[in-house]
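There's a structure below that I have some questions on.
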Amino acid sequence: MDLGNLESLKFFYPEAILSGTILLIILLDLVLRSKKGLALLAIAGSLLSLWATFDLYGTTPGYLFHRMIILDNFSLFFKVVSLLAALLVVWMSLGCREIREIQQGEYYTILLTSALGMFFMASSSNLLMAYLSLELVSITSYILTGFLPHNRRSTEAALKYLIYGGVASGTMIYGMSWVFGMTGTLDYAGISTALFQGQPNRLSLFMAFVFILAGFGYKIVFVPFHMWSPDVYQGAPTPVTAFLSVGSNAAGTAILMRFFFPAVSRLADGGDWLFISGVEWPHFLLIVSMVTMTLGNLCALNQQNLKRLLAYSGIAHAGYILMGLVVLNNDGLKAVLFYVVVYLIMNLGAFLVVVMVANETGKEEIGAYRGLAWRGAAIPAVCMAIFLFSLTGLPPLAGFIGKFFLFAAVIKEGFYLLAVVAIINTVISLYYYAGIVKTMFLDFPEPTDQPVAMTANNSLLLGVLSALTVLFGLYWGPLVQYTNQSLRFFIK
Amino acid sequence: MEHPIQTDYLRWIVFLPLLGAVVNGLLGAQLQKRLGKRAISLIACAPVLGAFLISVVAFWHLLALEPEQRFLIDRLYPWLSLGSLKVDVAFWIDPLSAVMILVVTGIGGLIHIYSIGYMHEDKSYWRFFAFLNLFTFAMLLLVLGDNLLLMFVGWEGVGLCSYALIGFWYQDHVNTTAGNKAFIVNRVGDFGFVLGIFLIFWTLDQQGHGTVTFREIEKFALLLNGQEIWGIGVATLATLFLFIGATGKSAQIPLHVWLPDAMQGPTPVSALIHAATMVTAGVYMIARLHFLYSMAPFTLSVVAVIGVTTALFAATIALTQNDIKRVLAYSTISQLGYMFLGAGVAAYGAAIFHLMTHAFFKACLFLGSGSVIHAMGGEQDMRKMGGLRHAMPYTFWTFTVSVLAIGGTPLTAGFFSKDEILWKAFSSEHGSQALWALGVVGAGLTAFYMFRQLFLVFFGECRADHHVQEHLHESPKVMTMPLVILAIGSIAAGWIGLPEIFGGSQFAKWLEPVFGEHHEAHASATSEELLMICSVGVAAFGFFIAYFMYYRASISPERFSSLAGGAFYRLFYNKYYVDEIYHAIFVRGALLLARIGAWIDQYIIDFIVDGSAKTTAFVSWLNGLFDNYVVDWMVNTVANLTFWAGGKFRRVQTGNINSYLYVILGAVVLAIIVRLRYSG
Amino acid sequence: MAIGLTHYLVIGAILFSLGLYSVLTRRNAISILMGVELILNSANINYVAFSHFSSANVDGQIYAIFVIMLAAAEAAVGLAIVLAIFQIFHTIDVEAAEALRE
Amino acid sequence: MDLSTALFYLVAIITVGSAVIVAFSRNIIYSAFSLMGTFAGVAGIYVFLGADFVAAVQVLIYVGGILVLILFAVMLTHSITDVQITNRAVGRIPALLVIGIFLALLVQTIQETSWTKAKEVLYAPTAAKIGNLFLEHYLLPFELASLVLLAALIGAVVLSRKELKE
Amino acid sequence: MTENVLSWMTFFPMAGMIVVLLLPRDRYNWIRWASALATLPPLILAVWLYANFDRANPGLQFVEKYPWIPAYNIQYFVGIDGISISMVLLTALLSFLCIFASWGIDKGVKGYFALFLLLDTGMMGVFVALDFFLFYIFWEVMLLPMYFLIGIWGGPRREYAAIKFFLYTLFGSVLMLIAILALYFTSEPYTFDMTELIAQSSKYGTSALAFWPFDRLGWGFQHVVWMALFIGFAIKIPAFPFHTWLPDAHVEAPTAISVILAGVLLKMGTYGILRINYPMLPEATADLAYYFLGALGTWNIIYGAFCAMAQKDLKKLVAYSSVSHMGYVMLGMATFTTQGINGAVLQMFNHGTITGMLFLLVGVIYDRAHHRDIEGFGGLAAIMPVYTGVTAVAFFASMGLPGLSGFISEVLVLLGAWQKYAVLCILGASGVVLTAGYLLWTIQRVYLGPINEKYKSLPEINGRELFTLVPLGIIVIILGVYPHAVLDLLRSSLDQLNEIVIPHLS
């Protein structure tokens, strides 16, 4: 299926609905007094678009808009993920004090725009679209990061983010230009055929890929393109941090998979992916993965600021996700998809608790969590423990299942070294996650620590997230089925 | 013997005392409050006497049978049956064990009765009797158990009771220490014992007859011939292992150290456990497994040598002791030495005979000393006694009789039994003149120190202070009765085992079915007489020296004690410093190792563990260093420069971007170079 | 020799390196942004050159146009942020404000 | 060596030279201005490559837009009254080193790479074609770009109108 | 109920946990009784199991098998055989008694009992699970409650102890996860079903791997997997180099938790080895367990004994005595003789009861005197005769006195050991002497001697405490007199287990 512009429109509902919502918000922002309505509107819009997305399942996959974007299960999956991220983050923002102090109209606009950008990142089938969508997400992210007024941290973070983004995407398009030069086309399918028929120069191809990885990598936050994340995560308003940590991470994974798997590798039987021989991109990624998880965990060890700590743990998890990619095998990719969902849930949950505590104490340091369980916030504390242990990867929590599939893929392909490194990392990570749990439960509050109350809104969201974390830990059958059948690329 | 006669009453011999122990142990405290000490003593003594009666019945039962049929068994239930290991809880009785149970229950009963009087003031009366009963139970189990494991249960059980009774007055640190010593030393012996069991079992198992029951071991004993482990004959090794156990229980060198300290316990305990019964378990065990020992001549000689050495060794120590009970303790050790000498020359019958007679007179002596101590108000130092014969006639006469017996005065039990052993030591094919000679010397020493004790305690002037003298009194009937009976025993018991020249030994006949005929090269009767006279002479010599020293005081003890500048005296008096040496080596050594182990745990293993954690932390700290230090440095340098206009703009963070970008670019370049280098 | 694809690519490479260089060495946010612009331009040169020599269509040129557009957008945002910082530092006492990493 | 070649080299030198100044100049104002040279040079190169429309866009947006923005920023953040206007850079030597290696690698690779060759090299006015493509084949990216610009617009407003809130 | 009795036993406590969570926070007694009621049914069912367990059948019994995640062939598969039955009984008993031992907890009562019940479920699950995945889940589920129970309700250094325990165990279990997956992907078709994996044990290669260090060691896939699993289990046992978490954890944990730790958790290590390493990787077992495991066990015995001797803290002493006693289990397992392996499993059971008693007793005195310093007591026998009596039983059982359960298992283990490696047997037997040494010394210092004026008025042990102790004491005595009460349950399965490994012994 290869549709032109007009024919494509009827497969374009989700994007259309989302864009409509965005414009609507911009308009209403001018007239509406209560900004709460905007949030609800945003939620409604993304729900609607979510429904539309699910509605698109079952339609024959294919190209839209003259081979600009692809409609297939893979893109649909990531659309769902980014919508969920946006949805939950908007919900989270409702209960966040930081957000109440800023211009929410613009805030929600930009947030949804970013989500829209992620749509295209997941579905672009063309170097140009890839670049555009990436930039769309990036620019919106800069803005979101710098959203807090008169907060130098936020602004500085935004600046830093911008500079990294600029350099990274610049490097990326330079690399893309080489690919273009070697294949004479921007279209993924074309690239694939050209690469596999012609005899492209291995070295230049390798360099081009490394450059491109710079662009993708700083979205997925892996070493050495990770440096921005701690500052940005710490500086940005917490819901934004949450959004970046799950959303742009997922979108980056999507675009990376889309480019490196269907575009420049071939699917062999048995679900293995053959890469262009002589281009040791997987080896590069293998090392990157190990370094990433190790560095992330080590840095996380002595962090005092929880957002910063979660940033580093996010880096580590990027490393885990890469594990699934380097095995060049469908099992690995499936594991990655599953992990993306799980990570979304548990990480958002963790950030939600951060928001709840920050609402009351205005602090993000671990000290603010001293004896949380005994300060009338037993439930958030317990949920936080659940999320953190799930991040560590302990059964019977979702995180374990995610890790389990990743390990499974790695071991099945016999990457034992990688597995061992991952084990050691798991143990290290337990150390700092348990450190937080210790502060919440094993330490007892000082009289100075004010109690933490919880609003209905937040506790509802918290309940949902923690319930999901446990549920997917015990019965993940349907979810894994969904993620598995989401790994369907449309290739022609 | 192939078809043992099943009975179902033997178990009661064992269980009656257990019953008493359980009742007293669980309810004793209450009963004592409610019903008083009488009830306790009734509950305690009745079962033992009951057991005695049943034993007598069993004895008659045996007598009624043909000699080679004399064998009853009472099987209860399978205790352990795993693979080839099949162990029943079963009791058996044959002439040998019959003798033992009669001794145990009989003398034990008497001592129980004696204790009623002796312990009367003690407030944890019930506890004492509970343990006494428990001990009787364990001892009977040891004797009647039809397999090595069951015997081992009794073996350790008696150890436990002796531990508990030595430390009966646990408020005093000395007593508990003595208890620990006894238990641990015994444990060392038991350790050997167990290994012996294992060795026997597995060796027979290889032959397809893995077993630990005595009868079957006897049946298959010959299979052990020619079996070797570590180049040593299995029979030899096994018997040696078991013998380690025997040395522990029976206080032979090198494990004798616990017995003297064991005198810390109440005197009846010393009498029952540390003289009459428990300590003879080793001898009994060897007799029980005589077929194995007879297969291992080397072991036999070891046993004999150890025995005679111990006999002399202990005797020399006994010469110098002043504590009335310690003297008896050492004499016990040395008498046990004689028994082992007997066993060592394959004269098991003689050994058992001496065991029995010794049970009588030694119990009598201990109980006598007990009644003395009782009268002296707890005083145990003989130098503070003297002239008690007027104050306590019964005690005096019974004591004298048993001293005569142990001293080997002709026609007393001790005379016959000890002489039997000495004769066998001389004449049996395992014996030798040397063994005999040493034995005789020992006999002389025995006579000396026993009479020394007699004179010091009962003759001459009383050296105690007035307060004590006023309270001197004969003990109550309940205490003197047993003394009398035992005294009679220590004369009469000998007559069932007369030497050949006086018409042969009933006792030996009785044990024949067990040990079989031991036809030793029979030297002429005259030589036996000669030897007998010789030993009697030596004993008499000992008696006279004691007489002149301590009765007439015409020879001053210092004459001897100052020999060789008193070196010998000090050596004997300090028990050859064995305790000190052991303490230095074993106790200290163990504690040292313990400390080392704990140290390793704390400082090495944990160090490694924490170390790995620390390194991780360190690495992460290094990262932090890079993050915080390098970058902050840049930040602050940068801060002043980014927006030059700014005192205002200090510490603006864009600087670290560069360093980060360095890293990125460096990594990329590196990757490319590596790529070129390795797969170009 | 005739001017070929390589010449253009080399120019692109040089610009790229110079951009990276200034990004590496500059301490000044704005200068770094300039460096980024250089990088983008170098990429653009490549695209146009490739579309001229390699592909018989104008895809490359279009790509370049988009890049320019986005560069403008990015520059706008970036400079807005720079100004924001500037504003903050006019209004806020820097000593009071705490830096990102403490 | 004919005229066009010479011309090309001239443009190339302008481009690279001014880029060098951008990178190395100690004075941010100089950098900013010489950036103009680079942009112009690049536009010239586009002309050489027969991309007239792109060249035009380059001149309009870069020189007319971005550069002005940058200069504004420089002016706003540096009080002109100040005499000496520095633009210090640190760690030049290591940077030069790394970059040097990097450039060498790039050039080497570029030379030994076999880039695809098109059949015929076209020199035709491209504006019309590009316009058509925007409305036909590249419609979606076009719309997307507009969305990006919208977002950037809002973002710029949000970010820079902060001082108004007070 | 009877057809899925094991599930009931496993999940009833969890149901209890939910009830407890619903109860009001400050109704301590409600919570306590609720948890007691939650742990009672498993105990009753355990008795029922004991009655209805087919002793002749070496195979699995009371099996339940439902698909769970069919896509990955993961099942809910539970069942017991001779290897696990004794542990199941022990778990049921100890968890019930420990509820009463925890009566004194007055801080965060609700949380404590909730976690305790969760822990109970986890433990029971580990022993009944026959699906590797399920096994792993339960295995890890125990970690969290344990961490909090030690960390929140523990002693002064509780945080250190808790995190140490946590890290150690997690490290082990992640290694185990790797091994599990390795086995999973070697099986054909992929399965976590232990019985299946055992049936396919021939698939796991034993030829030496090509790369260092395995080429040197001559280790094949099977050996590596064996080692990975073994380390995971050895940490729980705890075998020598991995044991240092134990003293800390024990000393800091509240009484009941120490009991559970020593009584149940330690057994999981040895249980795992018997359940998984032995039948699944027989050849590696033959190569590695033979001598290596035996020597390790012997070393544990002696090393633990010496460490115990040096301790000043009563609880730490008991902890190290566990290290020593678990050594017997390892030695027994390594003998591959009927006597040895039966003795080992019996020793697991006995150690559970005996050490359980010991920790309870330490707890009793700690509640009264508020310290556990061995030197700090003395003469307790005169003050608390009953307490002392019970203690004596426990201590003597622990030093293997005949007539008490400890003796049987130790003798069986040593008997088995003699046949395979006499030297180790001799060393191990010497451990008995050492044990007697430090235990008697402790008795003397704590219970005997002159009365310590400070504690003249210590109250005698109370009914509740006796209620927790007496049943264990009775079991200890019964098993000493009639060991077949338990041995009969084990024998057939363990013999079968031996049969699997013995053919591979070189």
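We call the chains A, B, C, D and E, going by the order they appear; numbering starts again at 1 in every chain.
The working rule: a contact is a pair of C-beta atoms (placed from the backbone, for glycine too) under 8 Å apart; a residue touches a chain by one contact, two chains touch by 3 or more.
These figures come from a predicted structure and were not determined experimentally.
Looking at chain A and chain D, the chains that touch each of them are B, C.
Summed over C-beta pairs in contact, the chain pair with the top total is C-D.
When each chain is reduced to the mean of its CA atoms, the one lying nearest the mean of all protein CA atoms is E. With every chain reduced to the mean of its CA atoms, the largest distance from chain C is reached by B. Compared with chain E, the chain whose C-alpha mean position is the greatest distance off is D. Work out the mean CA point of chain C and of chain D, and you get 7 Å between them.
One finds 71 Å separating the Cα centroids of chain D and chain E.
Taking each chain's centre as the mean of its C-alpha atoms, chain B lies 35 Å from chain E. Note on chain placement: the centre of chain C and the centre of chain E lie 65 Å apart, centres being C-alpha means.
In chain E, the residues that reach two or more other chains under the touch definition are 167. Those residues of chain A in touch with two or more other chains are numbered 128, 132, 135, 139, 142-143, 146, 150, 155-156, 158-159, 163, 167, 178, 181, 184, 203, 207, 231, 431. In chain B, the residues touching two or more other chains are 613, 627, 637, 641, 643, 652-654, 657-658, 661-662, 665-666, 668, 672. Touching pairs of chains, sorted by label, consist of A-B, A-C, A-D, A-E, B-C, B-D, B-E, C-D. Residues 127-128, 131-132, 135, 139, 142-143, 146, 150, 152-153, 155-159, 162-163, 165-167, 170-171, 173-174, 176-178, 180-181, 184-186, 231, 234-235 of chain A touch chain C in their complex.
Chain A meets chain B in the complex at residues 156, 159-160, 163-164, 167, 203, 206-207, 210-211, 214, 223-225, 227-228, 230-231, 278, 280, 284, 295, 298-302, 428, 431. The residues of chain B lying in touch with chain A in their complex are 613, 616-617, 619-621, 623-624, 627, 652-654, 656-657, 660-661, 663-664, 666-668, 671-672, 675-676, 679-680.
In the complex of the two chains, the chain B residues touching chain D come out as 634, 637, 641, 643-645, 658, 662, 665-666, 668-669, 672-673. Here chain B touches chain C in the complex through residues 627-628, 631-632, 635, 637-638, 641-643, 646, 648-655, 657-658, 661-662, 665, going by the rule given at the top.
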